[in-house]
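Each of the next two complexes has chain A plus one more chain, namely chain B in the first and chain C in the second.
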Partner chain A sequence: MEQIKAYKKIELLKILFVFFKMNLKSMLEYKFDRFFIALAIFVREMVSIVVMFLILTRFVTIGGWTMHEMFFLYSFLFLSYSIFVFFFTGIRDFDDMVYQGTLDRYLIRPLGLMFQVVAARVDFAAILGHGTVGILLFTYSCKAVGIVWDFKSVTYYISALIGGAIIQAALFMISSCFSFWTIRTVNLRNLIFFNCRRFAGYPISFYPGLVQKLLIFVVPFAFVSYFPAQYFIRKPDLDMFWNGYLYLTPLVGAAMFVLVYIFWRAGLKRYSSAGN
Partner chain B sequence: MPIIEVSNLTKDYKLNVRKKGLLGSIQSLIIPEYKMKRAVEKISFTIEKGDMVGFIGPNGAGKSTTVKMLTGILTPTDGEINILGMSPSKQRKKIATKIGVVFGQRTQLWWDLPVSDTFDLLKSIYRISDSAYKKNMEMFNELLGLKEFITQPVRQLSLGQRMRADIAASLVHNPDIILFDEPTIGLDVIAKEKIREFIKVVNKEKNTTMLFTTHDMMDIEKTCKRMIIIDHGTIIYDGTVNEIKEKHGKKRTIVAEFAQNINNIILPEGVEITEEADNKKHMQFNRDEVQVSEVISYLTSKYNILDLTIKEPEIESIIREIYEGGIDYDKTVSGDSEEVISEQLGVSR
Partner chain C sequence: MAYRADYYAGLINTLILIFVNIAIWKAIYGEDGSYDGVQLKIVLTYIVLGFLMQSFFIMDDYFIQNKITNGLISTDLLKPISFRLLVFSYSIGASGFKIIMNLVPAIIISLLFFEFLPPFSVSMFILFILSLCLGYLVLYCLNFIVWLTAFWFYQTFSLVTIKDALIAVLSGALIPLWFMPTWLYNFIKLTPFDSIYYIPITIYLGQTPSNEIMTCLLKQVLWIVLLTVIGHFIWKAATKKLVVQGG
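Coming up: the complex of A and B.
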């Protein structure tokens, strides 16, 4: 039996590119509709920001945080979510793939399953909607917050965004894994994910200890927004936490992803032994 | 050496037993109760290179489960599958380059994009060389008329066109084996015929091994010599289509239209009237007991007959009888002669 050649990196890149191109073309088929989805996301998110803006202009600060600092913190959530969707739409929509049988099709192709899941989908509307909010917040606040952009801070900033995106991908993947057991968790996931995300839009030092622990150890959104923002602005409430947390975002992301990937493999094994 | 070897293949499913009523639902949520269901039980068969085999059985018989095990999507509970010397569940990716799968009920084409885009994608996924790709596309254009609609978005295609494109998509990487899971479901007669013709040509030209699951017996009759019937997870028949017809299709029906209404018709022994309408009578008999020619000469000598047709049972009704347990195929003896019945006496069919 002749051996099949392993895919070269260039070949995989080409496949990624073809998938990406097809996603882009699909979107352009419905550019009008997709534009309004992006707009809807933008407006939905902007409403909470406008409310925050109105409150902050009246009371000046919340717990010592100025409006610009709050917005800077908030921008991490949107930018990292946008990056997450850019790379991992397939993970976000994974349960859909299981129920529609797309997964079976991927299983009869000579490529890795995770590769195909990640490559197959890109939701441009969500990237655009969340991304625009993130960029707006960032450009509005970053100067006032007073960041010195040097090599170190740029490296930190980028790795924090990517780490944050991976943390969110891992959270979505946990829920995806349950679809291998034919358990639908989309609504439970949305309940937990989006509410924790809302919490993480404010400095976690505002919250009672239990919520803080939840956001650090259980649904670690603190590493998506609070700690990366604190790295740059160093508000005194950081003293409540261990300083090392500031640097843990990429590590938390990587560790979560590895653990969840093991869970995912187990789910896949169970899927093929039990069927659907 | 056979290209597909399946021995004692068994597949169990774990089913969640749901109890009735709201209380029951809550109970099974907290303490789930499982029941094992055997979908496929110890089936064995071999398929040689270039064979076309029909795989039929009622809904829930275990056909799709078997196909999914052959592709490596599902892992067998017990037993072995050997495809080109490989085990599908262990060497899934390797086997994937050798197998093409058509799911009649699910498309692999991108819904919003022209058909050609999906083909481009498959070209890079399967690393098909430009020359092989071009050659295949030429064949698809010629035999499936792909060119007519290749630039149209898939959502605008008719079901027949979509199916043709889907079949071509599963063939584009020149697989050695193609598994069809209900490839003609929901298609009209012409579309079905086109697809069958294409499949036959591919089989002939490329010597591709093919396995079909279908509910349409015509698919089998027109394309396959061999068929495997599966029911309740076990194989109940494995042999040629002709053989099953010969073994079980012994009943013949003569439909005669008489010049006038005859009330007390006297028939030879073993011939029965099964249906009567106006001057038309359906007379049934067993081919082994009564000679067709005898019945015809008897009728024509005694009565004035305007029209006469001989019907042999359709494979479909034979299969139905097998499913229902009406025929115990092991006990019946095979027929003795091969008669070309419908040509006799030049009667209209």
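Coming up: the complex of A and C.
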């Protein structure tokens, strides 16, 4: 049998672009509606920010953290989440693909499966909503927390954001992989993910030791927001933790990604369609 | 118990929210436990109570919208029972279920693990229950108006989400209103929002002077009447407007 020729990188990029254009078009079909969805997501995410703002105008600091520092920490969550959604919406919605049988369609196409899952969907409303909050917080706080932008800090900042996005993608992927074994985990995953995200919006030093360990070793959200932010602001409560954590975000991201990929391969072997 | 996972998710969600917020308020107050004369214990009770109330104040925001998009509303309107009564009983029923299944375990766990002041006095507790019911009705009337927009928009996700955000910030569900800037506090006093969470909780805590309680309750009743009237007119307009898709 004739071996199917592997695609060249440039061709893959072209396909990626086609998918992207398709998504953009399908969004613009209902631009009014989509704009309001993005606005609603923005307003929903702003609730926690407004509450934080109101508390801090009254109390000035929380556990030694000022408003600028808190917002800087929070901006990591929003920016890395919108990067994650920008590249990996497909991973977020992977459960749906399995249950609706879209995955079967992908399986018979002569293209890498992971590539298709990642390329097929882009949720612009979520990117806009979360991204705007993140950029707002970042521009408001980055001057005040006194970051010196040199080569080293810019490299760190970018790698921390990407690492954070990959950590979140991996968390979603782990839960999605269970759908290969027809175990539905969406509710459990949303519960764990969004609640941990809530924890990570504040410095983890506020919480009891057990919760801190959970956020470092089990659901590593501490590497998405707390440690990257601490790299720049160095509040004294960092003494509670090992200093090396500051540099681990990309490593944790990479390690989780490898782990998840192995899990995904195992699941795919086991997969038999939802069928009817 | 077909949706056991959802049930546990709701319960655990409430408990985690309470837990996070307690940690934050403890960090705000630091060691000495008092700020501006307001004791930490009072704030913590306020926060716990707020989340316990939220656990059964959540209503199905898409009930009417779903009825419209799948066309069932046309048969519902023909039935010899008022559609508005149907929606109302549905909401009450769902909340009743949540009180038994979510609230009771959450209260038990809160009493065991979180610092939680008892009600100020027995009479205050009775007034609190009364005010709580009124608060629920204010929220329902407000929700009903937003739900009715489904007759015009078909997809109400955006409006519902924005409404939820406004209520979360302005009703005092997440932060005691007395911590807000004065101008904002005075503004909220003119809106129905503080009737939902703030008034019941302050009555429970004994923060409302007893001669003002009647005014507060009256204010809640007034908002219920006003919002019901507004809802009535929008309902009249909506039923005239109704277009059911398909045959």
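Following the convention adopted for this analysis, the second predicted complex is superposed on the first by the 268 of 276 C-alpha atoms of A that agree within 3 Å, B and C clash if a C-alpha of one lies under 4 Å from a C-alpha of the other, contacts with A are read in each partner's own complex, and residues count from 1 in each chain.
Here is the rule we go by: a contact is a pair of C-beta atoms (placed from the backbone, for glycine too) under 8 Å apart; a residue touches a chain by one contact, two chains touch by 3 or more.
Model, not experiment: these values are computed from the prediction.
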**Study point:** First (chain B), second (chain C), both or neither touched by A:158
**Key:** neither
Exercise for review: Answer with first, second, both or neither: which of chain B and chain C does A:39 touch in the superposed model?
Suggested key: second
Practice item. Figure out whether A:144 sits in contact with chain B (first) or chain C (second), or with both, or with neither. Key: neither
Check your understanding: Thinking of the overlay built on chain A, is A:57 touched by chain B (first), by chain C (second), by both, or by neither?
Key -> second
**Study point:** First, second, both or neither for A:259, with chain B first and chain C second
**Key:** neither
Exercise for review: Using the superposition on A, tell me which residues of chain A are in contact with chain B and, in the other complex, with chain C.
Suggested key: none
Revision key, fill the gap. In the complex, chain A touches chain C at residues 33, 36-37, 39-41, 43-44, 46-47, 50-51, 54-55, 57-59, 62-63, 187-188, 190-191, 195, 198-199, 202, 206-208, 211
Check your understanding: Which positions of chain C touch chain A when the two form their complex?
Key -> 5-6, 9, 12-13, 16-17, 20, 23-24, 26-28, 30, 35, 155, 157-159, 161-162, 164-165, 168-169, 174-175, 179-181
Revision key, fill the gap. The residues of chain B that touch chain A in their complex are 11, 13-14, 65, 68, 71-75, 77, 84-86, 89, 92-94, 96-97, 99, 101, 103, 106, 108, 110, 112-113, 117, 120-121, 124-127, 153
Review point. Taking the complex as given, what residues does chain A use to touch chain B?
Key: 1, 4, 7, 11, 14-15, 18-19, 22, 25-26, 29-30, 100-101, 104-105, 107-112, 269, 272-275
